[in-house]
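Mind having a look at this structure? Questions to follow.
Think of it as A, B, C and D in the order they're written, each chain with its own count starting at 1.
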Amino acid sequence: MSIEETKKEYKPLIVAFCCNWCSYAGADLAGTSRLSYPADVKIIRVPCSCRVNPLFILRAFQRGADGVIIAGCHPGDCHYTSGNYYARRRMTLLFSMLDYLGIERARTRVEWISAAEGVKFSTTMNEFAKTIHELGENKKLEDLRCKELLK
Amino acid sequence: MPATEKELAETIRRISGVDTRKCMKCGKCSGTCPAFGEMDIHPHKFVSMVEKGEIDELMQSKSLWTCLSCFACVERCPRNVEPARLIEAVRLAVIRRQGENYLKADQIPELLDEKLPQQAITSAFRKYSK
Amino acid sequence: MQRVIEIIKEKAGKLLADGTVDRVIGWKDGEFFYDPTPAVFSAGELENLRYDSFCGANVSKYLIAETKKEGKILALLKPCDTYSFNELVKEHRVDRDKVYVLGIECRGKADINKIRDLGIKGIESIEELPGDELLVHTIYGDKTCKLNDVLLEKCLCCKSKTHVASDDLALTGEPMPEAPKDRFAMVAKLEMMTPDERFEFWRGELSRCIRCNACRNVCPACSCLKCVFDNDASGVASKANADTFEENMFHIIRAFHVAGRCTDCGECSRVCPQHIPLHLLNRKFIKDINEFYGEYQAGADTTSRGPLTDYTPDDVEPSIVMKRGGDQ
Amino acid sequence: MSSLHKIGVFVCWCGSNIAATVDVAAVAEAMRAEPNVVYATDYQYMCSEGGQSRIREAIKEYGLTGVVICSCSPRMHEATFRKAAQSAGLNPYMVEIANIREHCSWIHKDRMDATAKAIVLARTALAKLNLNQPLTAGESNVVKRALVIGGGIAGIQSALDIAEAGYEVDIVEKTPTIGGRMAQLDKTFPTLDCAACILTPKMVDAAQNEKITLYTYSEMESVSGFVGNFTAKIRKKARHVNEDLCTGCGLCQEKCPSRKAKNEFNMGLNTRTAIYIPFAQAIPNVPVIDTEQCIHFKTGKCGLCQMNCSAKAIDFEQQDEIIERQYGAIVVATGFRPISLERFDEFGYSQNPDVVTSLEFERIMNAAGPTKGQLVRPSDGKHPHCIVFVQCVGSRDTSGCGKPYCSKICCMYTAKHAMLVREKYPDVEVHVFYIDVRTPGKNFDEFYRRAVEQYDVDYIKGMVGKVSSHGDKLQVQGSDLIADKQIIIDADMVVLAAAIEPDPEVRKIATMLTASIDTNNFLTEAHPKLRPVESPTAGVFLSGVCQGPKDIPETVAQASAAAAKVIGLLAKDKLKRNPCVAHSDEMLCNGCSACEKVCPYGAISYMDKEFRVPGPKRTEIRRIAVVNEAVCQGCGACTVTCPSGAMDLKGFSTKQIMAEVDAICR
């Protein structure tokens, strides 16, 4: 494969919001256990899944992200007791709304990944990256202006 | 039909859905088995033989056909290994390979026993025939 | 039988006279005859007070500013307006003690566009006849139509004819008709479309948005001192649509910010100059909330927790979205 | 604002951990080209003294206003780098970490991909850093008193150690006496000391220590507050016996006519009276009235105890009492119980009284137990001639009936039981079915081997499949895997080593404390290796089996370790707080109360404040949210629920996270 071809290969852009206490630590464990997942996944650390504002998700899509995943502690295990319960309601409603607007459902996802679930972190990210790869580029939500600015 | 024993073992794991690595070798299956005395190879050994890929020996064993499929081992196994499912899968492999049935319809009358429930015959026929 | 406006004026007059209230918020004539505007009246100005089939505007939001002032105000609230009022009381935006709520009768409000759609041209003014009939004076002579045929979208799906907040009521005693239409029918229809069809639908609707902010300004739930879209520090401030995504973002966030608080008063769609069915966004949230977390009507009371400031450990998972109706 | 920044970027090789997959020089070079970056370098080990001094020197030499470190996870070395930056005069919160090890070099194989990702992660950290504000940690006082929840050996040891250091400690125990599970045991492995002989002196010490207050027959009602400043409400349940008046003579117990209640202390093997002291050495030595059994409470009649009490200590009118107290630290020592064996029909536990759990067997063997230490069958009181022990009943069980973990103590206590039986009754044949014998511990394997070699206990590698009644015998069918045989043993008694599980109360307590708990209800440590006695919730410490299965020596060691942590905390006069807390912009706040509703800590309150406004009135009163920074833990739930964006989180502000999103999607 020549370099040109490598460049053309579609590399999805995936933003993962991980809560500091469980999922970020789960991602660390995936690293420590050398459980690979595609480099397309970029992690943003937040204190809790309840810190994830729908604005962040829309912003990511606007700027060209192809998939957004939010990972938090398992329900009942939130470091802050109830943060992920609120996040769960917010994300359920937001995702349903995005679906309603015709955005592919599979571009958004919430997973509960504990600090001990390095394997789950890696399999989740592999699966999600695969799904997004199959869906292809996010055209419906992308802000064309932002793409223009880059050029 | 898979060529090597190793491939065959893989097929058996796949069709039975049993993950033999989950076995912690406690022997509760063999401790439970009501047909233990009739068997040359015992349930716990079944699991380890599939794990090691020693399928040919297993396929020729008497145990394969003496297992009652009562699923007591499945019920009792603390690790959800399900030895009986493994045995069923090996049986299927034998039937497929030999291309002939272990139990034929015309053999049934001589096997009949008054105490034997109808259902057992039907189920045996279903199990041991293609 | 006494007309409702007479009852209102009589009660308002009395309350002003005995000092219970020192002003009244209701409607006065607007730019056009079909466009009565919310207005505050003091004693002696009541002859300008108007209440008829075009008084669809919800005056409860004005109470935020009004209750900051001295004295007590009489608010004329239709049944649907009382929900918005309750929600504002719940959120400490309106001082309940400074408002005397007169719950007023409502038989549904007319949509001028629907009258025009009936083929009635050159409308000059409209009179209400008994029996829910409208007499339309046009430059081509008088025409009549049924109020029921020209109801505003929000009235077609009227959620209740009961005042959930009131200190007194102004009713003629005639039964108020119930809503003829299922308010979630259109949402359900959209849900059953394919994503691409839905996307096309919303692209078609939202791309007409001119970011005039009328929906936001009229919305009783959108009562922030400073909207995030006006706040440079929020990182999402934008006044105009610079690209195809902006209006998506604006409307999704706006609907999300009012989710669980929106009473479905329908003002956003009523005032939209581009006739975008914005209520379909709010109703989607309401429908989801009802289905996921149990029936909830914002503004039904002033104490319960809204669905987004509440949870149960057994709430549905976000993955439910993947399993729901409509093709993918 | 951001243009004034002068930022240094440091890329760590982590030996070859990062450098083997990420071209660290290329990352540094790419970062050098970024706006605001005035210095970028790479180094073998940034966390080493050499690496840290490079950071310090660069801060001074280039007048850096912020530092990006591309290294391992911030969970690993964020604190290290913040300290280094601080020592060079930089605000520690002007340091951002790009995790290019766990989240990059260790999981990607392709060097080009990994390097490209490392650059993105570094840019993301830079984008965030550009918007960082220097933060200063506030301080709060430390209440010099500790609370220990649970009065077993773990709780007692923690309390004694804390009291020894001079701090006040309260023990809350839900049963009428302290002592816990250890008080029920006969002998303890591997030395075979009698449990009572070593435990009861400690119980007495705890009762007599003037720094220790015991709240027995008491439960936790609620806990609020935060490290250094917890407020706990304790429900002291009505004993119906006045503790100050009671002399512990026991006459009431003798006279009580209600004698049908199952004796909990003896695992239900015999009965007790309605007014009772759980066991002879109970502390406090004060009885409790079981109101469900007491004839007076059921019918209003009787009252024999009251009539016979010369101390006039019986008080039928006594009510529950709520005690509210401040604490600086909390130790959880809620202990364990054996699991229910309902789902293990094959062993016939529910059907046959001669099939017992090991804890029941412990009571049978105990000289103070229901049989006065005589080894007899519960069914007919006959002396057994053959006993079968079954290990791993419900432990290491992933089928859903039991627990997936190893209960850790069963191998040793089974060896102990087998040995004790053989020593006292050489005529009794003893068989032990085992899957593995696990004996890590000082003198543990020697102990087990003694059972086999010296006491001739028959260890069978295999598992029991079925126990059934045959006449007055128990037919035990199991496998002997070494002999590859199925064997049948006619036994007189079967002893099941039931798995242990955390006391179910712990879930309620964990919720009160906002301490994390795992799927098996064991409390989670702040770090499984390096902070094993702390909960992730600051100020909450773990002692004993509530954290994981362990034996007595380990429990005591952990209890003392937890106490040491508590003492370390209470020795401080002030605590530095997490400065990453929420704050509300009063110019944007609507006062709508949404944030207050989602705050798990009750950190948000409201006040009316006068604001200048245009117009003739000049001012107006507005209701605004105020965050109590001492209580806020920085989760950010309020920030998203706030529609106006007034509420923001320091260190994770909306703008910072948006900048990170933008940097990733650049």
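Convention: contacts are C-beta pairs under 8 Å (C-beta built on N, C-alpha and C of every residue); 3 or more make two chains touch, one makes a residue touch a chain.
From a predicted model like this one, the values you see are computed outputs, not experimental measurements.
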Inset, instruction - Return the chain pair with more inter-chain C-beta contacts, choosing between A-C and B-D. - result: A-C
Inset, instruction - Determine the centre-to-centre distance between chain A and chain C, using the mean Cα coordinates as centres, and give it in whole Å. - result: 37
Inset, instruction - Averaging only over C-alpha atoms, locate the centres of chain A and chain B and give their separation in whole Å. - result: 45
Legend entry - CA centroid of chain A to CA centroid of chain D, Å: 31
Inset, instruction - Quick one: which residues in chain D touch 2 or more of the other chains? - result: 598, 641, 654, 658
Legend entry - Shared-contact residues (touching 2 or more other chains) in chain B: none
Inset, instruction - Can you tell me which residues of chain A touch two or more of the remaining chains? - result: 54-55, 59, 76, 82, 86, 90
Inset, instruction - Between the chains shown, work out who touches whom and classify the graph as line, ring, star, complete or other. - result: other
Legend entry - Chain-to-chain touches, reported pairwise for every pair that qualifies: A-C, A-D, B-D, C-D
Legend entry - Residues of chain C defined as touching chain A within the complex: 187, 190-191, 195-203, 228, 235-236, 242-246, 248-249, 252-253, 255-256, 259, 281, 284-285, 288-289, 292-293, 307-313, 315-322, 324, 326, 328
Legend entry - Touch list for chain D against partner chain B, complex: 346, 392, 396-402, 433, 435, 461-466, 477-481, 484, 486
Inset, instruction - Could you pull out which chain A residues touch chain D in their complex? - result: 13, 15, 20-21, 24-25, 27-28, 30-32, 34-37, 39, 42-48, 50-56, 59-60, 63-65, 73-74, 76-77, 79-83, 86, 90, 114, 116, 122, 146, 150
Legend entry - For the chain D and chain C complex, residues of the former touching the latter: 587-594, 597-598, 606, 620-621, 623, 641, 643-645, 654-655, 658
Legend entry - Residue numbers on chain D that touch chain A, as the complex places them: 73-76, 99, 101-104, 106-110, 113-114, 116-117, 120-121, 124, 511, 514, 516-519, 536-537, 580, 598, 600-601, 633-637, 639-641, 649, 652, 654, 657-658, 660-662, 664-666
